[in-house]
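Next come two complexes built around chain A: one with chain B, the other with chain C.
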Partner chain A sequence: MRKALALVLVCLALAVFFAGCGSKIGPGYDEKEVYIGLFVSTSGEIATFGTDTKNGVELAVEEINKAGGINGKQIKLIAYDTASKADEGKTAATKLATQDGVLVSMGAVASGISLAAAPEFQKYGIPMVSPSSTNPTVTQVGDHIFRICYLDDFQGGACAVFASKDLKAKKAAILQNQDDAYSTGLADFFEAKFKALGGEVVAKESYKKGASDFKTQVTNIKGKSPEVIFVPCYYNDVALIAKEFRAQDVTVPLLGGDGWESDKLIPSAGSALEGSYFGNHYSQEDDNPKVKKFVEAYKAKYGNVPSSLAALGYDVVYVVKEGIEKAGDFDRKKIRDALAGLKAFDGVTGKFDIDENRDARKPISMLKIEGERFAPVRQIKPEEVQ
Partner chain B sequence: MQILLDNADFASRMLQQVANGLTKGSVYALVAVGYTMVYGVLALINFAHSDVYMLGAYFAYYPARWLGYMPDTAEKPKAPFWLMGMAFLGAMAACAFIGALIERLAYRPLRNASRLAALITAIGVSIFLQNVGQMAFGADPKSFPRYVDQSSVNLGVISVGNTSILIIVVAFLMMAALHLFVQKTRTGAAMRACAHDMKTARLMGINVDATISITFALGSAMAAVGGILVAMDQPRLTPTMGLLMGLKAFVAAVLGGIGSIPGAALGGILLGVAESLVGGLWDTTYAEAVSFVVLIVVLLVKPSGLLGRAGREKV
Partner chain C sequence: MLKTLGILAAGIAVAFGFGLLVDNAVPPFWALIVNLCGVSIILAVSLNVINGLTGQFSLGHAGFMAIGAYVSAYFTTTLRYFDPEVAKYVSQQPLFDGVWGFAPALLVGGLAAALAGLLVGIPTLRLKGDYLAIATLGFGEIVAILLTNFKQVGGSKGLTGIPSYADTSWIYAFVAICIAFSLFFQRSTFGRALIAIRENELAAEVMGIRTARMKVMAFVYGAFFAGLAGGLYAHLFQTINPGNFNFMKSVEVVVMLVLGGLGSLTGAIVGAIILTVLPEALRDLEREIALPGFRMALYALILILMMIFRPQGIFGQRELSLKLLRRILPGGRK
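Entry: the complex of A and B
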């Protein structure tokens, strides 16, 4: 009899426990604070990206809280490290949703981690805004998933527009990393747009991941005498590739995407990239007072010039703030609708709208390498690429 | 006229590819020498050789870094000439020591074990060195210091990097010196005797253990030079940079006739040029496959290689 009673009690306790788990998530705010989540990788192989993003986010939160918060409530930032792993993204999302009950969440940098986290937020009806995941599928997870960076197709197309209209090139060559979807994706979008603009892609060469000898490819490209060479790769490959082009006396400008941005690019490339161009999310040297103020505040707080990931981290907090203020209420559904209808948001990474796919429609900043500077050339707007 | 122009253009492109191939091939040859020497004496494929190549590059990286010639900063002062000399000699000495140490610790206890046991040990040592490299140096790529300023040298219809010329010249000098050493000195004679018949060599009063240590040391020093030369041309260091180089150099050694030093040199050059020409005439994605096709063809048609002697099976 006593045993049976114990069993019943245990079952009851378990039932209560599981019921607790499945119960409604918290409202996302209290009298004084509004809870906002952040999940980026501040450890592991892409730790620098996550750390920069987090720095930008914390700077913005600090500014907003000092200025009185959002609708009178201070932001309480709840951050998790996703350790450069996709399953950590899912764990962080579950914690942010069920344990912390955040109102809105921000993250991640890597598309793979965003894709692992997004279904959780979608399930609980919590809006998620990614600062810098460029893979098109991220926002297709559901109607609560947003992003504030441009996509790879736009980036590749914008580089083609720049090559054709600004550099007046008729013949372009491409050198891509065949084992990296980012690289081949950008190369394909560039090729399609450049051809559509009447140009000719005279050579398309590939290399394997981890290669450091580009002599053969460079000779093949040199033989076709292109006027510009599109190199949609990451900065450490770009430095070696540029050196090989200059060693074989190819002096035309190279052109690339946001993978070029790194404070290690110029030190490892030396003068080989002088006069080359790349597209980025923003320019550190922009005259826009908003950008100037951000760069100075960031430098004062962290001691270095903010990368574009830091800038996107800074912007994503202001996007969330504007979403909540427009909703006029700390209600997730209303905030989602406000974010979906966001128009002409004015951030340090440019002025942009959120489109019907919950992606940002925004300009790309073309930069020219001059000595150790990334000098802004011009912005290319989405209308120009379509 | 147009045809003539096109042909001239084509010819200069192929000439450029040959120059690229010579650069690549010289390093293959330099590394292949180490495989071939060890195989000649012990009939062992020393898989750890490619990691000694990697260590050589890192050993030349740190002195410049410690003395403040930081390759990762924007100022990046040029390292002085004497430091380059010291880096070369220091890395060669350190790798020679490590090569001999690997033999002493990993292979000597297995001298009389089956060949398979020695082979698997070699793979184990290679994996061990890669992981130690990853822990000691970090997995992120390092930018090699500026020992020489890279520039373009115009040779008539083609342009090559000054580092390419440096690679070809230094590699040939090193291999010529090694060849002379093996042919003309007493130690060299002892090495040849051990390669020919180790038991008899021992009976003739040759210190076989010491000779084998010297063989490993010399081969490893060559690999170190190869590593530094490549790092000067393609200034990026990673703990796994030896992996592909080791495979190519091994194929070069087989192509030239494993056990033969001139064969390794020839095999390296031929492989490098073949890869570049396939990349130039056809597609660079197929260039990587060349070395493996070559390996299969050589093993089928002439297993002893181009300059190798068809010897009896060693036990």
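Entry: the complex of A and C
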């Protein structure tokens, strides 16, 4: 009995302690600053993705603040690490929403983390813009959740259009990682679109996550003599797969998605990928002065060429800025409406609209591997894929 | 027995009071941390029965948690899918609707995990030490891989749109149930038999304890509560995917136990609370000094120091009780 009484007293004491903290969320700005949240994983398994994104975000924030901020207020960036864990996506989101009271939030890279965070922002009516979560369900969480990257269905379809129209291929083969939703998703969308365009998928081979021997699959594909081979995988697998194809004298171009992008791709594949193509969020060699300025500023600040994730991180800040400026007011509801109606946003990852699903409708940049370069070939617009 | 039931009833009552207080008076961020602590406590206390009391080294707790999470979520969620192929397999209406469908859904999840515990326990508990650790680790990985390949539960994308039923009252009611059961078990014949197995398996067998059966029962018991914790986790986070229940999650629970003191119930509770609160408490510090990764490094450092200076954990095998407090506090009665 005494124990139970003690417990009740402890609860009461805790309640009194916490009651002082208050629980109403703040307006998201003060006289001088506007609070913008960021949650990405800068530690753990996917730390490189989060760090690139954060670098891009910080560069953009610095530029905007130097140029006078948003509607006269400086951006105060409140960034939390999510340690590559979905649990921390939710706690970081709750902290950003209720403790820091951010006006708008940006994040995350991994869809699993965005999905854990999104219901919190939705609940408190805070707009959340993800730079690079590609899972379609992310923006289905609610009307306050946005994204500025393209989805996997578009990416797979665009690769099929490129194979059929630009490479004039009639017969394609697919080699996919069967344990990865990204890989099988891209493969399915490619197959459907390529068939719809009158092409034929002569072989569809799979391998398991972590495989290092692709002899069987490559031999099977070789026997069907395709004109292009779609390999929707990550760069480390792609390098090994390309070497195996070349070892068996298959010389037709390989084709892939944004998983190929890495500064480790060419060093590990050697010349095996010469003349192959992949679709990406932007091209580092784009002539667009906006892209040139971004690449130079990024190189000067961090010493390396910005990846797609850095470019998306850079763009997401400008999307938020445009949303706030269009709203004309530091009001979350108005900002949400402005973001939902965003048209012809001109960023380093292309010109895009936000569509009725709160996803970005944007072009994909097809790149050709030439020596150590990723040379831009052309952009494929969403209209071409539908 | 009557006393245990009394403790249980009192515990649940306190949990509901606690829940009301947390929901109304605590800022949402801290309320979330309190809820996360509750889930961690159930995980740690249930694993303590296997790893602490029985002395078997299981590394598969996340696997049981995953089963509980997926099964319970499957019953409460209106499953919507991006892929129309998958939509054919699943019900468009939740099988158990509303908050009152939550309790049976959780129970089914716990039972599914317990069944898995039984199936895994019978063959693997013949193994000892490292071999058991490897076998249970393998089990956890198998669960994650199966879930990744089942399109019916979303594959590697996982399930989304799970209703947010698990509030503080629900979670702490189960915390109370889990602790009351564990208290009762520790002091029962069953618990004493488990401790005997831990201390010397051969001697326990000679004394007439059916060690294989006891070990499997401990395993099933631990798996059941891990399944419940998984169900609560799913309805707290509203989204789950196989990556949530990987090897690291199992390790996290083991670390909670080791930090608190293997074999100590209060140690498991304190370990769970510390390891859940610490990364969040260090968040502001990390932001102040702008050094990414600092939080995780500090967290690791604390564990290393702990292992050097107090390898038996905070409590060792002792329990925190009013008696112990009286002995430690200066001027207390001996």
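Observations
Keep this in mind: the second predicted complex is superposed on the first by the 363 of 386 C-alpha atoms of A that agree within 3 Å, B and C clash if a C-alpha of one lies under 4 Å from a C-alpha of the other, contacts with A are read in each partner's own complex, and residues count from 1 in each chain.
To be clear about the criterion, contacts are C-beta pairs under 8 Å (C-beta built on N, C-alpha and C of every residue); 3 or more make two chains touch, one makes a residue touch a chain.
Please read these numbers as outputs of a predicted model, since none were measured by experiment.
Of the two partner chains placed by the overlay, only chain B lies in contact with A:R246; chain C stays clear of it.
Residue by residue along chain A, chain B and chain C are tallied for touches, and C comes out ahead. When the two complexes are overlaid on their common chain A, residue A:P267 makes contact with chain B while staying clear of chain C. Of the two partner chains, neither chain B nor chain C is touched by A:N304. Of the two partner chains placed by the overlay, only chain C lies in contact with A:S43; chain B stays clear of it.
In the superposition on chain A, contact of A:N357 is made with neither chain B nor chain C. Applying the stated contact rule after C-alpha superposition, one finds that A:E372 touches chain B and leaves chain C untouched. When both complexes are aligned on chain A by C-alpha atoms, no chain A residue touches chain B in the first and chain C in the second. For chain A in complex with chain B, the residues that touch the partner chain are 45, 178, 205-208, 210, 212-213, 215-217, 219-220, 222-223, 236, 239-240, 243-244, 246-249, 263-264, 266-268, 270, 272, 372. By the touch criterion stated above, chain A contacts chain C in their complex at residues 3-4, 7-8, 11-12, 14-16, 18-19, 21-23, 42-44, 47, 51, 54, 78-81, 83, 86-88, 90-92, 94-95, 97-99, 111-112, 115-116, 119, 135-137, 140-141, 179-181.
Of all the residues in chain B, the ones that touch chain A in their complex are 9-10, 13, 16-17, 20, 23-24, 71-74, 76, 139, 141, 143, 146, 150-152, 154, 158-164, 230, 234-236, 238, 240-241, 244, 275-276, 279-280, 284-285, 287-288.
Here chain C touches chain A in the complex through residues 10, 14, 17-18, 21-22, 25-30, 32-33, 36, 80, 82, 145, 148-149, 155-158, 160-161, 164, 237-239, 241, 243-244, 279-280, 283, 286-287, 292-293, 295-296, 322, going by the rule given at the top.
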